[in-house]
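Look at the two complexes coming up: chain A is in both, with chain B in one and chain C in the other.
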Partner chain A sequence: MMNGTWKVDARDGKLAMAHIYVAFVALALGGLAGLLQVLVRSGKFELPAGISYYTILTTHGVLLGLVLTTFFIIGFQFSAISRTAGTLSDRIRFWGWVGFWLMTIGTAITAFYILIGEASVLYTFYAPLQAHAGFYIGLTLVVVGSWISGFATFAHYAKWKKAHPGQVSPLLTFMSVVNMILWLICSLGVAATVLFQFIPWSLGYVDRINVLVSRTLFWYFGHPLVYFWLLPAYMIWYAIIPKIIGGKMFSDSLARMSFILFLIFSIPVGFHHQLVEPGIDPAWKYLQVVLTFMVVIPSLMTAFSMFATFEMYGRSKGATGLFGWLRKLPWGDARFFAPFIGMLFFIPAGAGGLVNASYQLNQVVHNTTWVTGHFHLTLATTVVLTFFGAAYWLIPHLTGRVMTKAMNRLAIIQTIVWSIGMIFMSGAMHFAGLLGAPRRSAFSTYGDAPQALEWIPYQIAQAVGGTILFIGIILVLIIVTNLAFFAPKGETEFPVAEVAEQAERTPLVFENWKLWIGIAVVLILIAYTVPFIDMIQNAPPGSKGFKLW
Partner chain B sequence: MHMHKYEKIWLFFGIGSLFLFLAVLGVGAFAQGTQPPSCLVTIDPEKVDETPPFNQPGLVKKGDNEYELNMISTAFAYIPNEVEIPKGAKVTINVTTKDVIHGFQIAGTNVNMMVEPGYVSSYTQTFDKVGEYVILCNEYCGAGHHLMTAKVKVVEQ
Partner chain C sequence: MKTQLNTNTPKTKVEKEPVLKGTLASVLFLGFFLIFTWVSVYFLFLNRL
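Now for the complex of A and B:
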């Protein structure tokens, strides 16, 4: 299939770059917070000037979990739809900027209240801990801004469809639309709890809050949130990496099918974050566990597709034997190497995720550092390394520069540094978690309990790994700054893969949005209606707000 | 839609083992009764001190080798903060909170539950090994979260 313009229009590029700048500023600040955390947790270092560990922890979570991801994703998606479905119209681009500024102002407001110590509630802000209303209002602006960008994406897609009746939309545009639909449906949950519960309660209009309802709405959002992070990485794997290695995409239809499966199965699953909590009947928890595991299917499809692409490419270059094709891959190209290492880390990350969601087994690891270790593999390695790999061509493409050989070498080193740091940090977190070390806690020996003393060597290993990772952050910031401002002028390709010749034509059914959104909504209603009514009907007295930090 | 033969094989075994796995979880849960803590009892979080059994927190003998351990969590402590349990005792642990959400984890055992205002969390555990176990809060609850702890001593009968 022919793709529209070869180059992202400069005005669209500016919009995308604005998002990317914010994302990397968040990485710098959030990474620094992370470094301080691992140092504190080693027991060898104390924060100066009475700064609270939990203020730093909240900063880290909000900046890296919410800001880095959302900004990078929306920036990347704007560039991808502009590249594949044509330059944005002035109106759509205008709304893109409105979304950007709302998100940026919201982030600034939220960050302000965190840093003055009025919102040390962590990025999950569980009631009845009560932050300053400004914290919740700032978050609302971030979400509303992202919705506006979502609708801008839909409008651009609709315009393309109108201009190309009966045609299958470009893959990257299709995938961006799926991800924004997923985001819109799931963020309704967090919007509902923040607008109807947290804001009135923190402003004092209502005295009490229903804690379990707020948690349930949060986790209705909280798990699809991780797929909102993951799907852009999958876009890069499916639709861009094959082009970078010089091969073809294995199958366009299977890529679309896996995205539709994610859309359907990633939302009605929030209870697997609430497996060990009271007030929810276990049968409903089990049902959501089953639905949770359905996302294994599109992930298996993705793994197959990726390695099929790699093998087909290697064999086309004359590779022989069972694994000869591995040698033909462009290991010296950071645009491939960083995301590929990300894929490899997804294997243990996914396996750990199966443990977390395993109904009974969850109890062994719930709220231990095992979980922290898990999402530092999924988000902070698989997704983030893929985003870094994308930044290495996306930023120079948008700024009209080229990546030098030296920078490419530095990016390869960065990937290796990241991997080593993460093996230490995440590995130690997994092991300490199995021994019972709790997550989200400052250094403590729990009254010199012998069990807690056993965790300290692991915490020191986490500090070593975290320090190495911080070096990795400095390296990527050097590369990104170079690509944005100092690299030599020139033209860099925005790679978009073509489909292999033997692949079949893509059916239009994947764009039957009414059908897919309908199925998603039905599954959500099945999974949530009865337990939600139960929660409200059998609700205990609500909770007043507490500020305990 | 056409799928490559190898992909069919891959998905067949992948999805097959997935459903086998879910069946194992289901049998464990519903036939053998291994469920995560999911107590449905509610309580007024502001009246915990007056509500039985939390008006008299601690270990209560309920039968031959069967006990009930009722504990209160509050920022940043557990009441009582030290419990002695005879070895081999089957203990139903009930915990609630007077303020915010807390965690209740006995390191080195499978006891691990969320404690939420308005609810009682409950789990039954048999303590077979003599020793000292640390109870700790594993859900962030404020400035003293990492200091919130208690002790279980499992002793010879």
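Now for the complex of A and C:
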């Protein structure tokens, strides 16, 4: 490794681990909420003590969709920049801790209002559902905290660039910077709607809210949010997995190029979540659908690059035939196995995504459990299994321990359990969705309508899958607790891949931030300015708040 | 002075392209799967018109 140090500094490790602890506590609580949901949805169980299904559903979405992901990602990125661009300065680490505490306090406030039943508005908090102001204020703190961590990341990158003029930055640092730029640009949308619309409205300063504007600002944030989750998984695939299998990275330039394409194309696409929404001209929806399909390109580039990395490694070990290289991969190593299974699940996940984003096809699946099934493949399998696989080396690296063979075996079993559970749960959600089963609703037979009765076997399969997944959560929590507190002391490597000899030299143009951020901003302005003016000028009367739970 | 024949003619370094036929087959399968899924739901859409 040419750049940086071999081991993450203990002080940086502590900062990263603090984030990772919160992430796994969120997994435990959010996972329990998920189990309760699928049991209610099967029609065979009811929640005790008058607890609302929608309270549990909000808990699940916020803790797993927002807290688990954001905390794990920022913790992982801090460790990655410390490992590849050198130890953080005291000042940068201080701001990292400020970010961490703001996010944690924000999460606690938000969770409090959800759990006392004052904010059962789901993680998308669509208006006109109105939560207690504390819910929105807590979320604001989470976002502000993440911004501070983002700026700490940029400061560390700038320091490295100053010390290494004219050099290409370490890949993992570059990727962390791209992800935080993406996050900063997109979270401006959610910050705007929360600060200017939801908080004044929920505090009673204004009576009514412009629903369409709030939803548009949410989805301006909501879709790139998906890529904010996904890019760290791609970092692990591109820059770490090749080292774990003992091979080389196919191309550094290709990896950087795909990240830049995500930065450019993943933001001006929010309308594909609003395809059935009135008040937006179809021409603008069409434009954003086209831009959405542009995001397919970097994902396909990633798929090609991963296949090529695996094949090159297998052939270097003497593999022959069309797929002989598959046999050479280290199937018994959970650090590889869990992310690899995540990659496989990304194939149906991506296919489902193309359906969601297509104008006509979206009408078949809109607001059905198909969509829930889709993001349980993307986030809850592809991303999460990759994060689990990373935790298996990252946690022992940061805590000065080693993973035992028994824990490795348990991690392999965990991956298999997760896969089986998800095939049942997500598969059932997809099929029930095609039959019209609505998402975001508690169990209902809709007056025993024949169509609704068709969904029940799938909802039972969902409950079976969800229960198996909960066992998977218990297993991963056992492994993580072991790695953090009980595994034998020792040195664990933070793997960082080297580039294959045949790869071309990486050009510096990928770090021309003015250019890439400029293009991203221009595309955002093109995709959003006119429809946004339209939404404000031709707005219907705003809506009062509703508490329907 | 005798002209010395340079017997060590510099060899052109032959860059060997890696064999990636398995990768080609894999991405073709992936492309086929994406199209198959899309077309399946599209026909569902048409049937329900």
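One rule holds in what follows: the second predicted complex is superposed on the first by the 548 of 549 C-alpha atoms of A that agree within 3 Å, B and C clash if a C-alpha of one lies under 4 Å from a C-alpha of the other, contacts with A are read in each partner's own complex, and residues count from 1 in each chain.
Here, a residue touches a chain if its C-beta (ideal position, glycine included) is under 8 Å from a C-beta of that chain, and two chains touch if they have at least 3 such contacts.
Quick caveat: nothing in here was measured; it's all calculated off a predicted structure.
In the superposed pair of complexes, A:420 makes contact with neither chain B nor chain C.
Comparing chain C and chain B on the residues of chain A they touch gives the larger count to B. Once the two complexes are laid over each other on the shared chain, residue contacts for A:312 go to chain C alone; chain B is not touched.
Of the two partner chains, chain C is the only one touched by A:347; chain B is not. Judged by the touch definition given at the top, the superposed model places A:530 against neither chain B nor chain C. When the two structures are aligned on the shared chain, A:478 is found in touch with neither chain B nor chain C. Judged by the touch definition given at the top, the superposed model places A:32 against neither chain B nor chain C. Applying the stated contact rule after C-alpha superposition, one finds that A:323 touches chain C and leaves chain B untouched. Shared-chain residue A:451: touches chain B; no touch with chain C. In the superposition on chain A, contact of A:192 is made with neither chain B nor chain C. Chain A residues 300, 304, 308, 354, 358, 360, 363-364 lie at the interface with chain B in one structure and with chain C in the other.
Interface residues of chain A, counted against chain B in their complex, comprise 52-54, 57, 120, 122, 126-129, 211-212, 215, 251, 253-254, 257, 274-282, 285-286, 289-290, 293, 296-297, 300-301, 304, 308, 354, 358-360, 362-364, 366-368, 435-436, 438-444, 446-447, 449-452, 504, 507, 538-543, 546, 548-549.
Contacts from chain C toward chain A in the complex involve residues 15-23, 25-27, 30, 33-34, 37-38, 41-42, 44-45, 48.
On the chain B side of its complex with chain A, the touching residues are 1-4, 6-7, 10-11, 14-15, 18, 21-22, 25-26, 28-30, 34-46, 75-76, 99-101, 103, 105, 107-108, 110, 112-122, 132-134, 136-147, 149, 151. Every residue of chain A that touches chain C in the complex is listed here, in rising order: 300, 303-304, 307-308, 311-312, 314-315, 322-326, 347-348, 350-352, 354-355, 358, 360-361, 363-365, 434, 500, 502.
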